[in-house]
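Look at the two complexes coming up: chain A is in both, with chain B in one and chain C in the other.
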Partner chain A sequence: MEKEIRLQKIGRRKSLRQRAKESKKWQKITTVVYPLIFGAVLVGLWQGQILHRWFHTDTFTLPLLNKIGEIMRDNMDKILENTGATVSVAVIGLVIGSLLGYLVAVLAALFPKIGMGGPAVLGAFASVPVVAIAPVLNNWTKDLSDEASIRSMISKIIVVTLICAADMGLNAYRGLTEIKPFSEDLMAIYAAPKRTTLWKLRLPNSLPYVFTALKVSVPASIMTAIVSEYFAEYITGVGRQIRENIVLAQYATAWAYIATACLIGIAAYVILMAFQSILLRRYS
Partner chain B sequence: MSKEREIEIITRNLGVTFKDDQDKDVVALTNVNLEICKGEFIALLGPSGCGKTTLLRCMADLQKPTEGDVHIQGMTPKEVRLQQKFGFVFQQPVLFDWRTVKKNIELPMEIMGRSKGERSDRADEMLEMVGLKEFANHYPKQLSGGMQQRANIARAFGLDPDILFMDEPFSALDEFTKEKLHEDLLRIWRATNKTILFVTHNIQEGVFLSDRICVLSPHPGRLSAIVDIDIERPRSLEVKDSVHFTELVAKVRNSFEGGSIA
Partner chain C sequence: MIRKLDKITNKKWFSSLLWVLLLVIAWEVGAYVVAGAKRTPENILPHLWQIIGAAATGKKVAGGMTALQAVFDSARATLFRALLGFFFGAVSGFAFALLMKLSGVVEKLLFPYLMLIQLIPVLGIAPIILAITGDINVSRVVIAAILSFYPVATNTLAGFKAVEKEKYDLMHICAAKTRMIYTKVLIPSAIPYFFTGLKIAAPMAVTASILVDTLQGDGGLGCLLSQSLKHAMSIYVFWLIVFFSAFIGIIVSKVIGWIEYSVSPWRRC
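Up next is the complex of A and B:
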């Protein structure tokens, strides 16, 4: 009898392991299904005005989804114009900041004696809140151009640049220096010059870390662009439109821009993941 | 090994002392005098802490000795290293994840600036030699540990180095793979006639592979004996069953000083 029980237990344990293996398929399904269910439930609660009851609000401050959709459709040209402004701030800042951060990381990795301070400075920038530097930079850039649109752009881009540079610099430095044991000895045995070691070992080694940085800094660049638009002088940009419309109590329009901001964020992330799956395929 | 041969590597009073955390001197290696002939297969054998890897790294110019000196082909190790005459097989297969097996083997040739066609031909040749031809376009992570170490050896031989350093290259492998690679290594060595310095802590491995075993003892690390291994070549695995092999193993074991090996 006892023997039988033990056999059953062993049988059970085996099937558990098998189940973990088989569940891979289910894991894939649930990662798609859960967000869909969540979305459907949210839409239901929203359209059925149940959310409104829970939060003690009305369809004026929290307009129904079809109304938001209508406004988005009717104001497509204006929304696209504002999206263009926000996206260009985010992209320009992201590119300049990431390159700058990477450059600082390379210098720190190549010349640790004098370069190590670089990532430390970037780390300091990383801890500065956007809401704190955005207004300050807006003031600093006041004399840069006679055009309000241009000086406003520059100030926003600088904020995004700082945030992205910090993120890229810290991650890239790890990627350039955290190298498999003996790799550097291997390059030394073949008398590889420093730039060859950089080019053939350090740079390729840092690629996964670059994506780690981008997974944070791509959404952060959009968020930063939107937040710094709040403080900007010039009133173009998705973030600024959210603020303006709330101030004017045009909540439906404000929500249309909030939805736009969400779509920009999701689109950027999807593009990034597509790049990652192509470029990092050989690393995994 | 009685016939007259050209001496390739000489160490004179070689020693390495480093400072520990409390700034005290620790002698890793002291007073090593060694002469190694061209084309010889030398095993550096000893328990951990005897400085065998340190000795190897000094000869390969990966580490500077604090006393004495090394001469290789009448030059300093650094000069020889800069002429790219060394090959080194590390304890772990140091393959770059982002390169295919073939591209990994081509790496040293890329550093030397060989042409694309030459690199590719030579890499194919090396892959054939170590039996990885079908895996040329695989990435390192798709290979087993033994296959990775084979790719590692192929890379070291690819440049046709004069001297090959091997630092416990097979210690992480299972017995079956190890024996297979021992035979492969001897076959490749016979075909290419390199000077090989092979670090190991396994007596049987040292006896099976080498012409001479340099026995190192710890605390402080020093050369305590050199044992000639006069087993005829080519050697096959059956050699390990012979009485002579067992005697040589015993002889090596008894030559450790300080009774650190039971």
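Up next is the complex of A and C:
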């Protein structure tokens, strides 16, 4: 006991930096404060037109933030309408694609001999550029409906579906097959039929992998929806509006749509994180 | 005989081959159906041999070049820019990850924004970046760089963070300097993560480069693609580009896999 006290006395007083490093409270504060400072500096640079000087541009191509906000407020109805078009494409494609990808993964896991190559082929789809698929599907869906809005929506949904299916298939297959060896052996010892192994072992094990896939495919679905809008027949959606407005040299309006696209991305990610924290509570 | 067949079906490449065959069969069946029902089947689903035939013929489609020559010529321009952007993005991504690992302040400052970059549809901003930089070539490189920056940075950072505490302890016991810890422990163990990032980034860089091509007519695959779609030249050029870009996307991740294999000898056991 005495020794300890003496040691403390001899020991050098910790520097301010060291103490800050060890204090949990300080750490927590800085995780919030530092990014805020950075954001404030960024906004300041933007509003003060210093960013414009750096990039050698003017307020016409890179409008000030308050101007963008103003335009967003003025065109609320139109922006919401286009947001609806983009989000519905992204969400429908994401749901169908993820289910499809998961189904392929389950089939591949059930029949490993034939199925092993399935996710690999799906993965090949993932590396095919969206720009190559989108125009093809535009041609394919020409006869599906007389309404240009419906058929171009279907073709956009198929593009998103393909991209999401590839992501989900690859990850879910890993989740369904990369299980702890002992648990697989245990199932074999119980003489569990394939179906039970699937329900009790493989599916629960794949759930975290599903979220890994979604973390990639949720932003990817929005990006894909936006890019396939570029090639679509019917002019609608956030991505198409960005392009149309730039063609018309209305950069401020284009920026308003870009801001909308960013907000969609952030909102989708927040929703996904909320779902994950609810559903994966058991795992952590 | 049956045993021999069993041996073949157990091979790893067998199932991949089966799937590819299935896809080819599905394609051809579709092509036959389309050929019967449509006046211009080549716009929707031509037979595979027609596409291969279009690649093989010496017929001039544009500017005195055959279809294959035209595709390769514009592919060179597009892929070079994609590669350049990819290189810048990968290097700066690695540098940022290193910086964030070196200093906690930088990490806290930038990490939320790193997440934000991922959520911003960069391809949606492509036209604006074109307007800012004013030069199509520069904007191509910039967009490819931004797109490849994010996956590389986050994956490398995850790699730095995945180093076990025991390794640090050992290095401290050896009284290693910070530089030593980085060169001997942290960077080697982050290399696989870095390559994972590269594998995600590479197809994105190619996609970005092709997409930016379509924005302004200045050569490149994307430009050729939209011209061919508007029937300014043979539609088979379009199909060639579709297959070519798919092929590039697949081959690029394979090449990165090989590079990873060759720079990390400790994984070869």
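Here is the rule we use: the second predicted complex is superposed on the first by the 252 of 284 C-alpha atoms of A that agree within 3 Å, B and C clash if a C-alpha of one lies under 4 Å from a C-alpha of the other, contacts with A are read in each partner's own complex, and residues count from 1 in each chain.
Here, contacts are C-beta pairs under 8 Å (C-beta built on N, C-alpha and C of every residue); 3 or more make two chains touch, one makes a residue touch a chain.
Predicted model, so just to flag it, every value in this text is computed and none were measured.
Within the superposed three-chain model, A:48 lies out of touch with both chain B and chain C [touch as defined at top]. When both complexes are overlaid on chain A, the residue A:113 reaches chain C alone and has no touch with chain B.
In the superposed pair of complexes, A:84 makes contact with neither chain B nor chain C. Residue contacts after overlaying the shared chain place A:136 against chain C, while chain B stays out of touching range. Of the two partner chains placed around the shared chain by superposition, chain B is the only one that A:191 touches, whereas chain C remains out of contact.
Of the two partner chains, chain C is the only one that A:222 touches; chain B does not reach it. When both complexes are overlaid on chain A, the residue A:180 reaches chain B alone and has no touch with chain C. Shared-chain residue A:201: touches chain B; no touch with chain C.
Counting residues of chain A touched by each partner, chain B versus chain C, the larger count belongs to C. Residue overlap on chain A between its contacts with chain B in one complex and with chain C in the other: absent. In the complex of the two chains, the chain A residues touching chain C come out as 21, 30-31, 34-35, 37-39, 55, 57, 61-62, 113-118, 120-121, 124, 126-133, 135-136, 139-140, 142, 219, 222-223, 226-227, 230, 238-239, 242-243, 246, 251, 254-255, 257-258, 261-262, 265-266, 268-269.
Taken in their complex, chain C has these residues touching chain A: 9-10, 12-20, 23, 43-45, 104-105, 108-113, 115-116, 118-125, 127-128, 131-133, 203, 206-207, 210-211, 214, 222, 225, 229, 238, 241-242, 245-246, 249-250, 252-253. Interface of chain A with chain B (complex): residues 180-183, 185-192, 196, 200-201, 204-205, 207, 282-284. Against chain A, in their complex, chain B makes its touches with residues 60-62, 81-84, 86-88, 90-92, 94, 96-98, 107-108, 110-112, 139, 141, 159.
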